[in-house]
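The following blocks contain the structures, represented as C-alpha cells.
Consider the two complexes below, in which chain A is the common component and chain B and chain C are the respective partners.
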Partner chain A sequence: MAAVKAGESTTAASEKATHGAAPKSPGRQNPVLRVVKASDPLALAGMIIILAAWYVVTEQGWVRPVFLPAPEQVFRFAEAHFLESRLVQTQNLGDGGILENLIYTTTSVWLAVLLAIIVAVPIGLASARVQFLRMFSDPSLLTLGAVPVLILMPFFLVWFGVSRNGQLLLLVLVAVPIIYVYAQRAVTNLDPVYAQSALVLGVGRVRLIKDVYLRGTLPEILGGVRIALAGSWSIAAIAELMGAPQGMGRLISTFAANTNITGIFATILILAIVATLTDITLKAVFMFANRWGSVNK
Partner chain B sequence: MTAVTENHKTTEQVENSGPVHGAELVATNVNKVYSRAGQKFHAVEDVSVTIKPGEFVCIVGPSGCGKSTMMNMATGLLEPTDGELALDGEPIRGPSPDRGLVFQKDSVFPWMKVIDNVTYGLKCRGVPKEERMSIARKFLAEVNLTHVEKSWPKELSGGMLKRVAIATAFSNAPKLLLMDEPFASVDYVTRLQLQKTVLDLWAEHRLTVMFVTHDVDEALTLADRIIVMTNGRVVDDRRVAAERPRRLEALSTPTMLEHKASMLQHLGLPTEGGA
Partner chain C sequence: MTAPVAERAKEKLSSDPAPVAGASKAEKLVKPKANRPKLNSRLYTLGSVLVVVVLAGLWQLVGIIDTREVRPGQPFFPGWQIVLTDTVTGLADYWRGGLGVESVSAGGERTYIGGLLAIVSHGWDTMMRIIAGLLIGAVIGSLVALVVSGSVWGRRLFAMPTAFLRTFPLLGLIPMFQLWFGTAFAGAVTFIAVAVGVIFFTGVVNAVANVDAIYVQNAKTLGARPIRTYVTVVLPSILPEMRSTIQLSLAMAWTAAIASEFVGAQSGLGYIVTHARYFGFVDRMFLIGIVVVIMASLTYYLVSRVTKRLVVWMPDAQG
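Right after this comes the complex of A and B.
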C-alpha cells in the first residue's frame, strides 16, 4: 500500500494531451454508490456459494441438525430472539435480545478503535520524523504488538471488575500497535520532496502537518484501521468471555453452555454480518480518501 | 579559492524591457561540509558569486559537484557550514516564498487537484480565494494547462506535472526562482517545450533564475551566464550573449561552439582530437 508517486503511473500518458481534451476526471460520486462499489462482488458471490452449500448439506440430511442446524432454522432463531428474548433475559444478558448484546459488542469495538486512532496516529506520524520519540515508541509498541494480550485479561478483571473498561483497554492495546506501524510507515513512504515543496511555498507548521503529513498518509492509515478493526471483533468476543456484563461473546458462551447450537450459529452470523458491513463502509471511506492515489485495495 | 567577480552591466543582460522583479543573490565565501560516518566531505568550497536581478544563470557540473547543495542553500532548506547567502541584502535563513523552487522530482501534491496545487502557496500566505484563483488560472493558461485544472495529478503526464510545478512556483511570485535539474527526467521533445515555457515566463515576469543542469546544451540554450562547478568549486563563469530564442543554428555558431568546447574542457573532457 505504498504511496505511489503520481508521476510513475502516468508516464505513459502522452504529452499530446496538453492540447487535447481534459483527461477524464472521476466525477462526484454518490456515497451509497461508493459503498456498493466497495463491496467486492467476488466476495459476495463466495458468500452466496457458502450459504448454498450450507443449505444443501443440511437439506440432504448429510449432517445431523444437532451438529449443523439448517439455515432457515438459524434465521428463524435470529429473528425470534433479535429484539426481545426470554432466553437472553433469563441468562442475565440484558432486558432485550440479541440486538442489545450486539450493540454492546459493536460499541466496544468501535470505541476502542476510535481511541486507538487518537493515540496511535499522532505517535506513529511523529515517530517517523522524530528519532527521539521513536527510541521509546518503537520498542514499547512493537513489543506490545507481539504480546498475546489476552493473557492480560485476568489482570484487567481484577483492576476493572466486570465492566466494559477491561475489554476496551484490551482492544485498544491490540489496535494501537497496528495503527501505529501503519501511520509510521505511511510517513516513511511519503517522499520528503512534498514537505520541502510546502516549506518553499511558505507553509506554516500546522498546515504542513494537516495538508502534507495527514492528507498524504490518510489512505495508508485507513488501511491500518481496517486491519485493526477486522481483528477487533473476535478479540472483543473472547474478551467478553472473561468477564463482561453482556455482549455477543457472552451470548455465544451461554448458548454453548446450554448446547444451543442454533443460538451459537445465529449469534455468529449476526456478528459476522455487522463486521462485514463495517468493513465495507470503511473500505468505501478508504476509497474516497485515496481517490487521488493509485493505491487501490 | 575561486572567488569569482565580474563586472556586469545589468542593463545589457536583459533583452526585454519592463520592470525587473528579480532580486540579487549574493553568495560570500560559502562552504558546505557534510560529515558522513566520520568522513568529512567538502560539497561546496569557498564559493562567492553575485547573481544580478533578472539574470538567468545556469549552473553546470557533473553529479556531486555541489550544484544541488548550492541550490538547497539558496532555498534555505540547507544551511551553509560557513559563509553567507543573501537575497537583496537580506541574509537567507530558512525557506521563504521569496525564493521559489522547481524540484527535480515530482513535487506536485498528488492529493490535491491541479488548481489547488497551483493556489496552495498563495493560500498559505492568506491571499483571498478570488484573487488566488485568478492568479493560478493566469499561470495555468501560460503553461497551457487550463483544461486540466480540475484533474488529479495522477491523470497527468510527467511533462504536464512539470508545468504544474512551474505554474505553482510562478504563482507564488518569487523574486528568485531556483530550478534544480527540473527537466532531467522528461523526454527530449518535452524538455525543449518546457525550456521554451520557462524562457517565456522569465521574459514576461523578469525574475532572477538560477537553473541547475548537467546538460551543457541546455545551459547554452537558456542562460545569460553559465557557471561551471566541479568538486565544490566554481571553475568557470561565462556570459552568453546570443539572442533568444536560440535554435539549432544559434547553438552552432562559432562563438557557441567555443563556449561549449571551453566548458567541456573545464568539466575535464578533452575536446580536440582526443589529445
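Right after this comes the complex of A and C.
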C-alpha cells in the first residue's frame, strides 16, 4: 500500500511540475469558491429529504406534537422570537431575543477555542521535540482528554458563581487536549524531507521555521481545531443548561421548564446551524492552508 | 512561496536520501530529532506520577491559602485530611440500605463501609448506563451507517446530514430526552445511545468513504460481487479507523452519562455531585470527581488495549 501511495504521489508531483506554470492552478483559487465547487448538489437533496420526512411525519399526525413539533411551527417560533422576544426578556435572558443568546454562546465557544489554541499549540509543537516537556504534558493532557471534563462544571459553579468564566474554563479544558494532540502529531508527521530540501536550498533558521515548520504543521493543527470546535457547541449547551447568565443552553432549560417543545427545537436548530456554518468556514480555511497539499482530507 | 520549490526539491532528495555534508545551525533543528515520534514509556510513567503528586499537593496548598467557606464548616477547597475521612463517611448518606448496612435516612450510622457502598452502587448505576448506551448506540449507529454507505448514492445523499450531525449540540437536548423517555434508566440509556450512535454513524460513514479505492477496484477486477466486496473488503479495512471512533464514543458516553445525571437522573455519580452541590458539599463533589476520573481512565485504558487488535494488520499502525 505504501508503495502504491508513493507511486501516486510522484505522478501527481510530476504532473504538477509540467503544469506548474499554468496561471490557474487549483491552489490559487478563492477558498470559498473551492468549497462550493467541491460540494455536491445531491448533498442538498439529502437535507431536503430529511426535512420532507419531518414534515410528513408531523403533518400526518404519526408523531404527536408533544414529541415532535411540525417544522413550520418551529420556523414560525424562531422567526417571532429571533430579534426581540417578551418570552426571552421576562425570563431575564437579556433585552433582545434568541439572537442575543446566540451571540452569547457563540462568543463563548469561539473565545474558548481561541484561548485553547494559544495555550495548546505552542505546548503541542514544542512537546514533539522537547522530551522533558512531553513527559509532563503527555500524561496530564492525554488524561484530560480521556476523562469527562464536564464533571468540573459543578465545581466552577460553586467557585465562580453563575458567570461566563466557569463555562469558558470548561470549554478551554475540553479543547486543549484535542488541539495539543493534533499540534504534536503535526510535527511528528511532517516529512523531514521538506526541511532537508529547504536546507539544501540554503534557507536560514528563521525561514525554516516560518516557511517549513509553520506552513507544514498548520493544516493538521487546523484539523484539530475543527474537531475541537465541533465538540464545543455541545459542551457549551450543557454548561449553560447547568447555570449561566444567558445563552442558548439557558434558553433551552427555561423552555424545558415550561415544556415549550417548539422553543427547544427552534433554539437547538439555530445553534446547530451556526455550528455547521462555523465548521464550513473553518473547512475553507483548512483547504486554503492546505493548498500545497500535505494532508489528504 | 517556497512550497513548490520544496516540492520539487523533495523529488530530487527522495531519490538520494544521503545526509548532506556540512551541518548548519538550522540543520540541527531537523536531523537528530526526526526519529523520535514516541515518548519513552518510563519517562511517561515518571511524568504521570510527578503530575499527580504536584496536582494533589497544589490542591492541598490552595486549601491552606484560601480558607473561604461555601457555608459554615464547608470549605471552598477541602484538603485531603477531610476528603479521605469525613467525606467518605458523609457519602454514606447516599447508600440506600441493604447488605447489613442500614441507610442513614433509616437511622443508620455514617460509616466508611456505608460511604464505600454508596460509591460502588452509584458507580455501578453510571457504569451500567454507559455500557448499555454504548452497545446499543454502537450497533444501531454502525448498522445505519453501513446501509447508508452501501452505495455511492447513499453516501452522497447523506454527506450533508452527516456533517450537520457532527457539529449538532446534542448535549443541549437532554431535557427533550427526559420528556420523551423519563429520567430513569431508560431516559439516560437512550440519551447515551443516541450520542454514541451519532459518533458511530459519522465515524463509519467517514471510514467507508476513506477506504482506499484500490482495494475495492482490486476485488472488482477479480470478479467479486458488490455485497461480497462490501463484506470482505470494505468492512475489514474500516476497522483501524474505527479504533478512534470507539475511543471518541467512550469519552462521549461518559460525558452524556454525567450530563444526564446532572440534569434529572435520580442515581449515579453525577447525581451525587449535583445533590452535593445544592448543599455546598465541595468535598463530596471532589471525591466523586476523583472516582469518575479514575473509572473513566480505567475504561479508556481497557478499551484502548482491546481495540489495539483492530489496527494490527496495518503496515504503519500508530498505537
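Following the convention adopted for this analysis, the second predicted complex is superposed on the first by the 246 of 297 C-alpha atoms of A that agree within 3 Å, B and C clash if a C-alpha of one lies under 4 Å from a C-alpha of the other, contacts with A are read in each partner's own complex, and residues count from 1 in each chain.
Going forward, contacts are C-beta pairs under 8 Å (C-beta built on N, C-alpha and C of every residue); 3 or more make two chains touch, one makes a residue touch a chain.
The shown structure was predicted, so the numbers you read here are calculated from the model rather than taken from an experiment.
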| item | value |
| --- | --- |
| First (chain B), second (chain C), both or neither touched by A:205 | second |
| Dominant contact partner of chain A by residue count, chain C or chain B | C |
| Which superposed partner A:111 touches (first chain B, second chain C, both, neither) | neither |
| Chain B versus chain C as contact partner of A:259, first or second or both or neither | second |
| Partner chain in contact with A:119 - chain B first, chain C second, else both or neither | neither |
| Which of chain B and chain C A:99 touches, first, second, both or neither | neither |
| Touched partner set for A:215, first chain B, second chain C, both or neither | both |
| First, second, both or neither for A:49, with chain B first and chain C second | second |
| Contact residues of chain A, present in both the chain B and the chain C interface | 10, 13-14, 17, 191, 193-194, 196-201, 203-204, 207, 211-212, 215, 292 |
| Sites on chain B touched by chain A in the complex | 75, 77, 95-97, 99-101, 103, 105-112, 120-121, 124-125, 144-145, 147-148, 150-161, 163, 168, 172, 185, 187, 189-190, 193 |
| Footprint of chain A on chain C - complex, ascending | 1-14, 17, 20, 24-27, 29-31, 33-34, 36-37, 39-40, 43-44, 46-48, 50-51, 55, 70, 76, 153, 156-161, 163-164, 166-176, 178-180, 212, 214, 251, 254-255, 257-259, 262-263, 270, 273-274, 277, 280, 282, 285-286, 289, 292-293, 296-297, 300, 315-316 |
| Touch list for chain A against partner chain B, complex | 3, 5-7, 9-15, 17-19, 21-25, 191, 193-194, 196-204, 207, 211-212, 215-216, 218, 291-294 |
| Chain A residues within the chain C interface of the complex | 1-2, 4, 10, 13-14, 16-17, 20, 40, 42-47, 49-50, 66-67, 129, 131, 134-136, 138-140, 143, 145-155, 157-159, 188, 191-201, 203-205, 207-209, 211-212, 215, 229-230, 233-238, 240-242, 248-249, 252-253, 255-256, 259, 261, 264, 267-268, 271-272, 275-276, 278-280, 292 |
